[in-house]
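This structure is in structure tokens; I'll ask about it shortly.
To keep things simple, chains are lettered A, B, C and D as they appear, and every chain counts its residues starting from 1.
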Amino acid sequence: MILLCLILIPLIAGALAWAAARWSLSACRWIALLAVAADFVLTLVLWGSHSPAGLGTWLAEADWEWIPQVGIRFHLALDGLSLLLLMLTFFLGALSVLASWREITEGVGFFHFNLLWILAGIAGVFLAVNLFLFYFAWELMLAPMYFLIAIWGHENRVYAAVKFFIFTQLSGLLMLVAILALVFVHHRATGVYSFEYQDLLGTTMPPGAEMWMMLGFFIAFAVKLPAIVLHTWLPDAHTEAPTAGSVILAGLLLKTGAYGMLRFVLPLFPHAAASFAPIAMALGVAGILYGALLAFGQTDLKRLVAYTSVSHLGFVLLGIFVWNPLALQGAVMTMICHGISTGALFILVGALQDRIHTREMDRMGGIWSTAPRLSGAALFFALASLGLPGLGDFVGEFLVLLGAYRQSIVLATLAAIGVLFATFYALQFVQRAFQGPNTLNWRIPDLVPREGLVMALMIIALLWLGLYPRPVLDTFEPVMARIEQMAPGR
Amino acid sequence: MTIVFYTAGAVAIIATIMMLTRLDAVHALLHLIVSLLAVAVIFFVLGAPFVAALEVIIYAGAIMVLFVFVVMLLNLGAHAARAERALLTPSIWVGPAVLAAILLAEFIWLLASGNVPPSGAATIGPAEVGMALFGRYLIGVELASMLLLAGLVAAYHLGWRKIPQVEATHVSHP
Amino acid sequence: MFPIREGFLLSGVLFTLGVIGVLVRRNLLFVLMSIEVMLNAAGLAFVAAGARWGQPDGQVVFLFILAMAAAEVSVGLALVLELYHQYKSLDTDAISRMRG
Amino acid sequence: MLPLLWLVPAIPFAGALTLAVLGPRMREKAAAVIGTGSIAVSAVISLFIAAAFLTAPPAAGAYTQTLWTWIDVGSFRPAIAFYLDALSLVMMTVVTFVSFLIHVYSAEFMRGDEGYSRFFAYMNLFVASMVTLLLADNLLLLYLGWEGVGLCSYLLIGFWYQDPANGLAGRKAFIVTRIGDTAMAVGLFLLFHNLGTLRIQDLMHAAQSQWPVGSAYAIAAAALLLGGAVGKSAQLPLQTWLPDAMAGPTPTSALIHAATMVTAGVYLIARTHVLFALAPPVQFAVAVVGAATLLMAGFSAATQNDIKRVLAYSTISQIGYMFLALGVGAWSAAIFHFMTHAFFKALLFLAAGIVIEALHHEHNIFRMGGLRNELPVAFWTFLIGGCALAGLPLITAGYYSKDLILWSAANSTAGGMGLWAAGMAGVVLTSLYTFRLIFLVFFGRLETAVSHRPGLAMTVPACVLAFLSIVGGFGKLPFEALLATALPQFREAGGGMSEALASAAAGLAFLAGLLAAWYAYLQNPSLARSAAANPAGRLLHRFWFSDWGMDWLYDRVFIRPVVWAASANKADVIDSIYDGLAGAAALCYRLLSATETGKLRWYAAWIAGGSVVTLAIVMWL
């Protein structure tokens, strides 16, 4: 029942916030903040209440008939992996509401409506265990994000929003075809129509069909998790989205892609995934190097941070398809820490853009002298994104590399060089934006207490994940072990 | 019997060609009526008296009369004929003629290849047609009636206001 | 015996003449007339086929063609009147505002 | 007392945290007290631990303290745990003690600088990371400390961020060391993949049992670790960053780029000596790298005109000696030289700091002169440090440690004499550039007036270090006995040079360098200028001055292509694929819309044509 609340609260609060906006904007913002905070508390309760032993099976379930004839059920289920990703969702959700407190001035109600419905969509994606419901949540996530970018974005927002929509929608349709194909194959094999994840797990299918269906799912998730060739929507969408939009895009939407691969691509089509693994790993490593190289070349701050996401998610893709416990746990750890560090970077860049109304690094420089706390926080998160040991990202990336080394030495070495490239863009970002002479002598206010709180929360989270990641690792370890068992030949 | 068929066929073809080449609409109409009457004869030769009669009554009688009526209504006048001559330059005939020739060649090729043995069944009178009409084709009849109704309503709707003004404006400049 | 083969040939020729008429003449009336010719040719082919098999179906279809032709002519001519009132000319090329 | 081991890194880390968070609001005095205080406490604790360790050595000569399990994934269970044995004890005490002195020095040196608390925050963080590196029980924690010190060196080099050159120097240092770290990381993966653990002690036993001497795995692992060490300790080929690192404040150069961080590579090789013993070719490579670096750096140091850059090249050269010692298997000799080097090199930098501060941030030694009687403290401390560096026989610590290395090199099993000759040439060069520096700065005419006398906080640490530079050498024997518990003894290849002969040769080399410098720079200064006048001399001078052209080479070969590739592809060539698709769609639209001419006959013609074609197809099928 609690799972249903997780989805319903943002939905209702979204509508409420929209309605409340007519009377007072702050009421609308507070409703949104309280809703997301409530959800975050719910996930904490769930996390606290679960017994470590029970982590293998579903922690909590909510199951109702929807369309019985075709085996479509409104079936939500929670396990270690989705629990953590939900916590990340509502953590970043609350922070993005806080971060856009002053930034959004017109259409505040509708803004928070969209924001909360995206969070509901994401929660749906992480919880849905019925493929039809999964696809429904997948689409629910898309439309409000389109509005978010198209209405509250920056100069080139419509192009970016339309590009984002086409990329995601097209690939989503591929997934829909794959889902339907899978259901029909399952029907031919067992004679019963079912969209249930549990039933579809063991379907025997001809290898050719399996590969095509796997590709259908993979492409949809590869677009969302920007694999190298399908990533070009990301920089535009991130650059043009408002701060909250960028945070949710970078922090959460990219994770739905990776989650999809872990939950659906590997378990449902083990043989096809295994034979496709080398290509996917190569894509991941290419993504790491290409993303880093491009980030190094950018002059627009948000585009730079966007390309870093391409690079970091390359690690996740590599980790997922290496398919051994180390790499899988590393991939999930990288997902979580990347969500926090890149979310923070976007909030900082948004705050900076609010103050100096530009994202071009050439016009910045020497901001450290006028806003030391903002620059210090930016330095901290830049270090997190270059994988400094002692912070969360390093743990994830090191585990992925360690696991990848087992699979192929060449790829692991190339990925390690990718980490080196990360140093280039991170230091470049800090140097050109914050250090150097204050040529345009900016006089900007430093972080206000609200922004300071957001930054402090994220710094503490990253330090905790970096130095004591055990509780988080233990939560999704059984899930990863189960996925690892599904690899053929284990 | 075949003599009648061939003469009627020739008349039909010549009348149609004449229709195509006339500049004045009314002359073309009259040629068209002649062509339709020739086709009616052919129907008769083919042993379909009922249809032949209908052709004469409805097709030639009703539809063509309607045509003539509208042409009169438009009252195009002599300048229309001169305008037609400007449009009918010989060169314009080439494209369509080539296309039509190919089409005809394909018809002939198809006819030649098809094995249509000459058969001499009896003529099919109106009785049989009536029985078929209200037997198997009952729905078709209903649809036809609806179609006619639609045509009626459309014609009525399109034409009811304009007729008087056309009269008024036209008189001013012959 | 019924000259079926010749019937089809004749309907083919008439149909082709109709097509030429439609393509050549730019005056709307002539286009309508050519269409009538084509319809008539089609009807001839149907009747010939009916005669060949000795079935009334051919003639029934001709009847339907007749009904259709009547409706078509009535609406067509009403439109011609409307167009003439609007454009003061019946040249199809002149009336070509519906363009991509 | 040993259980307090975790406090040694924890207190500086806490100090760094408080300074970072509360720093801006604190007055300079408070920031100095917290900054220096935390290091003082940690130094005192480490001295107590040393005392406890020496009086009652724990079982098997080592004490392990596990705080918590860091990561627990399947078989990979690294813990946050500290391992204290003789080697890490020595390193820890030297690092904390020298850091404390330098913190006292910088309390006064940095006075008036607007980022005062930020400076102390970085320095505390550095000491915390360095101690974590030294005490790390497993290679992953060592890697954490390793990157931490790299980070602090970047932050401190670029401390005066207003000047973009400092930022560039900081980035260069961080990236070049990170290249070495990447190699080391791959080494970690290899070790874990093949030996299943990263705990150093288990690793060494497993390596010894599973890998025969000279096995491919051992060679690969040792080579990769050597890559990391070369990066961090600024040895060939990754040494270009250290001279530029002098852009940082002088206390930073003293602490990080002289005493502690640059020797992290030496510590790593000493800690994983079993691996290098299993891979003789790599061990020999370490010796060769050491020898080559000490020569190259020696020549470059002799041509510099910036006082700090001379000392930077001399640091590279001295670490070359340590690598030479490690290469020939004289593990404890290398650590002994590390200790003495830490003392006299830190001293030299502090004295140089005093001179720079006195001459209002003047760095060019040719514009200094005759400071002998102007800054007596600086002169005498600099002289003692210089003699220790050059190896004044029998008195200075430097002589004992370098002599030990030279003797070991001569008697080593592999390539003894060649390495020894390089070492000797190095000694001549070292004394040449050291005394060149001393004569130019302290003798001759007074070039620029002295504007600021150093306070007590700057002179006392210098004197303490001067004292240690002398006394340090006498403790050679007990030092070696202590290290014997952690590091294997040096195996002599019989028939080599005797101890006395080696030390005599070293003394002679020292004298030769001294006389050469005295003749060239005091007797007739015109000689140096004339040598630089003729074309060959000028070319050679420029070549050595620019660190043998390595900087220019790296810039052309590595930096330019990457920067070009990044800027050329700024608009993401893959994006053009999708723009192409959009363009194709627009083209199709334009083509199709052209067919809508609006002319009735045109459509009729197309219909007729279409039907003709269809019929044709029907006919042919």
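What we mean here is this: a residue touches a chain if its C-beta (ideal position, glycine included) is under 8 Å from a C-beta of that chain, and two chains touch if they have at least 3 such contacts.
Here the structure is a predicted model, which is why all the values come from computation and not from measurement.
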{"item": "Pair joined by more contacting C-beta pairs (A-D or B-C)", "value": "B-C"}
{"item": "Separation of chain A from chain C, taking each centre as the mean of its C-alpha atoms, in whole Å", "value": "66"}
{"item": "Cα-centroid distance, chain A relative to chain D, in whole angstrom", "value": "38"}
{"item": "Mean-CA-position distance for chain C and chain B (Å)", "value": "6"}
{"item": "Separation of chain C from chain D, taking each centre as the mean of its C-alpha atoms, in whole Å", "value": "96"}
{"item": "Contacts with 2+ other chains: residues of chain C", "value": "19, 23, 26"}
{"item": "Chain D residues counted as touching two or more neighbouring chains", "value": "605, 608"}
{"item": "Overall pattern in which the protein chains touch one another (line/ring/star/complete/other)", "value": "other"}
{"item": "Contact set on chain C toward chain B in their complex", "value": "1-10, 12-21, 23-27, 29-30, 32-34, 36-37, 40, 43-44, 47-48, 50-60, 62-64, 66-75, 77-82, 84-85, 89-91"}
{"item": "Chain C-touching residues of chain D, taken from the complex the two chains share", "value": "592-601, 604-605, 608"}
{"item": "For the chain D and chain B complex, residues of the former touching the latter", "value": "605, 608-609, 611-612, 615-616, 619"}
{"item": "Chain A-facing residues of chain D, complex", "value": "20, 24, 68-74, 76, 80, 140, 143-144, 146-148, 151, 154, 158, 161-164, 167-168, 170-171, 174-175, 178-179, 182, 185-186, 189-190, 192-193, 562, 565-570, 572, 574-575, 577-578"}
{"item": "Chain D-touching residues of chain C, taken from the complex the two chains share", "value": "19, 22-23, 26, 31, 92-93, 95-100"}
